Amino acid sequence: MALESDSKRTVPRAGALTAEKLAADFRSVRGRSEALAAPLSPEDSSAQSMADASPTKWHLAHTTWFFETFVLEGSEPGYRAFDSSYRTLFNSYYNSVGDQYPRPQRGLLTRPGLAQILEYRERIDEGILRRLEEDLFSPELLNIVELGLHHEEQHQELILTDLLHLLAINPQRPGYRLDLAEPETSELAPLTWHPGAEGIQSIGHPGIGFCFDNEGPQHETLVAPHFLASRLVSNLEYQEFMQDGGYSRPELWLAEGWALCQEENWRAPLYWQEAEAGWKAFGLAGMGPVIPSEPVSHISFFEADAYARWADARLPLETEWELSAKEPVPEDNLADADRLRPQSLNSQPGSGPYQLFGDVWEWTQSPYQAYPGYRPGPGALGEYNGKFMSNQYVLRGGSCVTPRRHIRSTYRNFFPAHARWQWSGLRLAKDA
Amino acid sequence: MALESDSKRTVPRAGALTAEKLAADFRSVRGRSEALAAPLSPEDSSAQSMADASPTKWHLAHTTWFFETFVLEGSEPGYRAFDSSYRTLFNSYYNSVGDQYPRPQRGLLTRPGLAQILEYRERIDEGILRRLEEDLFSPELLNIVELGLHHEEQHQELILTDLLHLLAINPQRPGYRLDLAEPETSELAPLTWHPGAEGIQSIGHPGIGFCFDNEGPQHETLVAPHFLASRLVSNLEYQEFMQDGGYSRPELWLAEGWALCQEENWRAPLYWQEAEAGWKAFGLAGMGPVIPSEPVSHISFFEADAYARWADARLPLETEWELSAKEPVPEDNLADADRLRPQSLNSQPGSGPYQLFGDVWEWTQSPYQAYPGYRPGPGALGEYNGKFMSNQYVLRGGSCVTPRRHIRSTYRNFFPAHARWQWSGLRLAKDA
Amino acid sequence: MALESDSKRTVPRAGALTAEKLAADFRSVRGRSEALAAPLSPEDSSAQSMADASPTKWHLAHTTWFFETFVLEGSEPGYRAFDSSYRTLFNSYYNSVGDQYPRPQRGLLTRPGLAQILEYRERIDEGILRRLEEDLFSPELLNIVELGLHHEEQHQELILTDLLHLLAINPQRPGYRLDLAEPETSELAPLTWHPGAEGIQSIGHPGIGFCFDNEGPQHETLVAPHFLASRLVSNLEYQEFMQDGGYSRPELWLAEGWALCQEENWRAPLYWQEAEAGWKAFGLAGMGPVIPSEPVSHISFFEADAYARWADARLPLETEWELSAKEPVPEDNLADADRLRPQSLNSQPGSGPYQLFGDVWEWTQSPYQAYPGYRPGPGALGEYNGKFMSNQYVLRGGSCVTPRRHIRSTYRNFFPAHARWQWSGLRLAKDA
Amino acid sequence: MALESDSKRTVPRAGALTAEKLAADFRSVRGRSEALAAPLSPEDSSAQSMADASPTKWHLAHTTWFFETFVLEGSEPGYRAFDSSYRTLFNSYYNSVGDQYPRPQRGLLTRPGLAQILEYRERIDEGILRRLEEDLFSPELLNIVELGLHHEEQHQELILTDLLHLLAINPQRPGYRLDLAEPETSELAPLTWHPGAEGIQSIGHPGIGFCFDNEGPQHETLVAPHFLASRLVSNLEYQEFMQDGGYSRPELWLAEGWALCQEENWRAPLYWQEAEAGWKAFGLAGMGPVIPSEPVSHISFFEADAYARWADARLPLETEWELSAKEPVPEDNLADADRLRPQSLNSQPGSGPYQLFGDVWEWTQSPYQAYPGYRPGPGALGEYNGKFMSNQYVLRGGSCVTPRRHIRSTYRNFFPAHARWQWSGLRLAKDA
């Protein structure tokens, strides 16, 4: 995702988007954000552990600002803002809307407090829901409401991602939730290789249903013969890489990654800590053992790339990934809140690659670029995605903290190559 | 004060320090800290606006840690800590006690939260008060309890000082308290010059009653003939300096100050902001007009020094200041909470310098050094003061946020020459 | 190019590489490096203006180190080094060879001095030439000699590039050579649009003759319908962009570029300076007027991209560029030394895009990635190119300081998006 | 010394300053600067190893600029500068003269080169000498010529000081001169304690003969009973401190020094390096053994202070030092060029403290402040000293690279507490 992480925009595409359906989705999605924040104290919700992360409280306000600015303000002339200072305070990166409060100082905005932001949410929700119920919005505004819900789902993932980073700084290593199920080690199926589709292939979103603008236009591409690994690289395998000197052999690394590895003294994935009895990892349930069968997570593009080179393989191209990921996304019977770690419950060995959705984001070797023919829309929402298309890499799939509804095969997530605070891992590929 | 701002230590000196009197003081001082924090939300109490400042919540915990570590732990073998992680989390800078949580990250410690810290205070207070009431403490421990109260008073000033800095970052410029009296402009008495004592003079604390170790030993010093200004430099006078190019004429500045002035683009005291109708200033009551008759405040040593050079005068030596400041500190009938800006109520023109106590801290030209014969005490409390005696300047007097009980003529406050976030101003001196 | 700028490697490919032909090339290429340094004083040759640049003296030594390390050491066991400390001092980035002297401190290596480095060159040249004349090298070593010459040509371009940056820091703005021809403004042919090849096309080096490893393997790719501009964007056109607010309209920029533009206060190409009579530019002949008909130069990828967006066009893909660039590279009758600014002498309007070779490097929108099937070779020379394939963009063509022999249509130059100190400009493209 | 290190000014004081005598001194002092630079290559003379240091070439030009700007320009209206750009290029810090070329980039000024600067020197020397010989200067200008010579002597010390720092960065560790005498270990006389003068004492320069303005006014001060160590702390003793954990025990350090020690990983004096056979040190003759009997050198104020605390002593006050240092400075028969390391040849045990002059600068505990009644002169030369009087400490004595003529008992050198690149050591003191 973009630095600001709210960087996906939809071009209105048609479809049976009814106000009634949207109202139900609106209630559900908005409520889920508040549920995610429920275990947090006002202090937890207000701190910012680094410039790339934001306080939970800020996420809650910014997603609301999105609806107020792009829907309510757009829906009636003379709309009176809940608080005029919010226009700047909770604008993430939309230059067309105006100035922005400096990102690295979001944690210093102690006011408005959590309670007042929840009140803000309530007020805006009332405004949106009343107009949805009375069917007052134009189709274009309905599209923006839908976009706002997908935008909010992106921030739901960020709330958990940023929070894990914050809690990890506390030497007490407090868990976000202490009622989560104990992880279990399971048998690891042997990794097998599967040939992917080749020749001229069509990729990108077909335009039926919602997508972000960067998922299109659908277009043809030429795919070389290749194989994809059946499953993700596991913690067990990643530890073999570590034991084989993975973090001390420059020949395995891109030059830029090696410099960073030295400078920041990387020796393991971000939240791992060496203990007498072996490696432990910090997660939303607190510190716990590294589970060998789980996919490795919280690694940068550089680490993923080095692992692949060590394994005599390479990272997949995003097109290779997309072609192998046949929808629909498999069902599971877990509530989002019970997921919160890469458990791979729904992903079983089959005839092709599995573990594609909902475990960890998968780094690809594809720089994040526009698809041929892509043009960002006009106005502020044109800033959603396109302006972040430099020096980032595409990740595919979706992680255990990605809302289930939000996962699809054409989805293009993106982060700079050094980023490690997401649930990001890798799947191997190789030339045929 | 030291970076950590709890940097004064007492050498036990005797005196009628009864447990009963101490228990009353203890209740009063500890209660006042909580009263200061009462207008704050948990979010307000938890944020840290720069590495030199600390969250209110941290101040509340650290002052409690002081009593737990140096009194309760010292009073009984096998004492069981309230929470063993606090030993590190709330240790400011005592290497003898052990490791310290990194200072610039105090604002990221969302847990323990404010409520839990108030509980911590309650528990430790019970422990101290019970033992005081049962008269269980040795004279040495009684001395440390007394030191702990003065230590807490220093942190009370820091709570307000750090908070003002934090609130100033919020573009809404929220006031700490909105019920404070409106400031009034008063007539400014003309500045007059008063000869000070000269020749061999005795300075430093005489050793009767409490003082910090850096106030002694009392000793003789040779004082040259000089004059001290009757009162502090006012906002009106400081604006004349500004209008006369004070911030753009390098010949008025020390080289180091000039470089900083350029680099940080100083044009006025820290919290001043230019508006159409003239300068405004941010204070604990929010934004308001600059009151011409009030002493200028929130200036660095470099600005004070440049002003003095512009005025064809100089900053006083700390000995000159001390000799002119006859005790007792004049009474006023204000509650501390009603003071909170430099109002000069108690300081009326008389036969000598006035406005010496309780308006703003006065920069002197004296580097903060040990008095002849000074030796820090043994053990952890020996770290209170001595180790900060480099690259800082002495300030004298006391400000409107200094607890009244805490002000005395021998008191030596100290800050680096660039510091501006205290209520710091100046009084002129010149050679006779 | 890579940070180290010597990042292209050849896989030995066969061919009629005779020792005799190589000896002649060796004399010519090596001599040209010394000729480039001839106008410089020892002081000029020794300074380093930023971490990304290197002193001329260092370039002269490093290219020699390349021959000593990879050819002479490889050619005879027990080879005795000219100076064993050079192994570290002049190793750019080859981890397989051993440690490297810290890059940002190359300008502090006052010893060996220029004279001693010229002596080093002489000694190594003798060693290489003697063995070539006696035909003692294996085919593999002959290949490495050839690679070393191309490597040296890359450094010849860097010598001038880094030197311009250094001289620009001197307020006297001294020219590198004062005997260069006065530039003349010429008529600017109107920009026209030319359709490129589309569908499945073959790109990459065919493998006959020398190329760097990153130019292959030759492979097929799918090209969408598109147009390429007939010529480069001129200084005149770029000034229109500037006058139209190009540097102050965030909607034209990638987010990362906009942040940088603000932070570094970009207002024009790197070496431009506003004077009363209009813009001037610093070049190898010193300060002079901006010539309207010359191609704009010394702009970053971000500026090129913003210009293209402003012009309602886009940057070309590297494949689009390569397909349009038919060889052979047109001849001109200029000595390299007389070129030294983008004069476009050899590039005349014709039936297709022109100005493709030898004016300025052209930014493409293609991130620098491996071609399908690319694998770096084994050993130290495998570090030449592959490890720099992250967060850089491909530039195509060649500039006025690129040795003529070094220019070809498959050549892939690369720099980070912020780099501006090369002769880099742009050509527009758009979708058909 | 000041950051710029040319920070001492004289108030004209009268005296028998004849043009004839000055001309002889001028020839001698100016010639010595060139002799110091003689062993250096143009490359050596041009590099700058850190912002606090300057290239030799720059020192040679700046001292010449001083004579041109303050003497020649002052002596005749319409004086035509040697090169008008030099006014800015070689202005160190005189705001009254105009802008200054940025200090950290002095090493990037490859032009004018060394040869041209020597030509500049020659031309200015002719101008000065001709006017001296014709006795054309006013008494005030004669005073400035004399000041300029002392200024140049300060820069002679800096040339060697900055050069050592530069050469130390080269892994070859080249010596400045290879013809220096081998150092010999001598017997170390036991350290004895000597009572100093006490009560009211007069210090500061009496005003007969040359001094810098900061050495006066002479004034009375009150001195407490104390002892001074007979000699400097030796390398042997300093190694005992190291072996006793001197660099790992925070209780020995000022807080600021301890933080720096951790951050920069100090384990020994600046140029020491641990080898198998014990510690070695880098000096002007290259790497060599640490000589146990030599005074320790290249330590910061913080290290000196920590050593003194470890030794249960303290650093002297500058007044204590000055009172013990009876002139005349003892003679020796060494040429300056043969000194170049702290050999203590002229300093023999006697009835009081010895080793006071010409070994290493001695850190005192006195912050660098104005003496009572000090006022800088008017105009540019008033910037020489006064503006550096903050956050620096006074050093007394003079080192082995201080020109002999330049040493006197009232001389006040000054550096920030962290500085280590001078020949700086310490002598112990204690309270009586």
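The chains carry the letters A, B, C and D, assigned in the order they are written, with residues numbered from 1 in each.
Methods note: a residue touches a chain if its C-beta (ideal position, glycine included) is under 8 Å from a C-beta of that chain, and two chains touch if they have at least 3 such contacts.
Because the structure is a prediction, the values reported are computed rather than measured.
Undergrad: Spelling it out: a chain qualifies if it touches subunit C and also touches subunit D; which chains qualify?
TA: none
Undergrad: Please identify which chain has its centre, taken as the mean of its CA atoms, farthest from the centre of subunit D.
TA: A
Undergrad: Can you compute the centre-to-centre distance for subunit A and subunit B, using the mean CA position of each chain? Integer Å is fine.
TA: 47
Undergrad: Provide the C-alpha centroid distance between subunit B and subunit C, rounded to the nearest whole angstrom.
TA: A distance of 60 Å separates the two centres.
Undergrad: Can you compute the centre-to-centre distance for subunit A and subunit C, using the mean CA position of each chain? Integer Å is fine.
TA: 38
Undergrad: For subunit B, what residues touch not just one other chain but two or more?
TA: Where subunit B is concerned, no single residue meets two or more other chains.
Undergrad: According to the definition already given, which pairs of chains are in contact?
TA: Listed in label order, the chain pairs in contact are A-B, A-C, B-D, C-D.
Undergrad: Report the residues of subunit A in contact with subunit B in the complex, numbered from low to high.
TA: 41-47, 49, 57, 85, 88-89, 101, 105, 107-111, 113-114, 166-167, 169-172, 174
Undergrad: Subunit A touches which residues of subunit C in the complex?
TA: So the residues of subunit C in touch with subunit A come to 2-3, 93, 95-96, 200, 219-222, 224, 250-251, 253-258, 301-302, 305, 365, 367, 369, 372-373, 382-383, 387-391, 417, 431.
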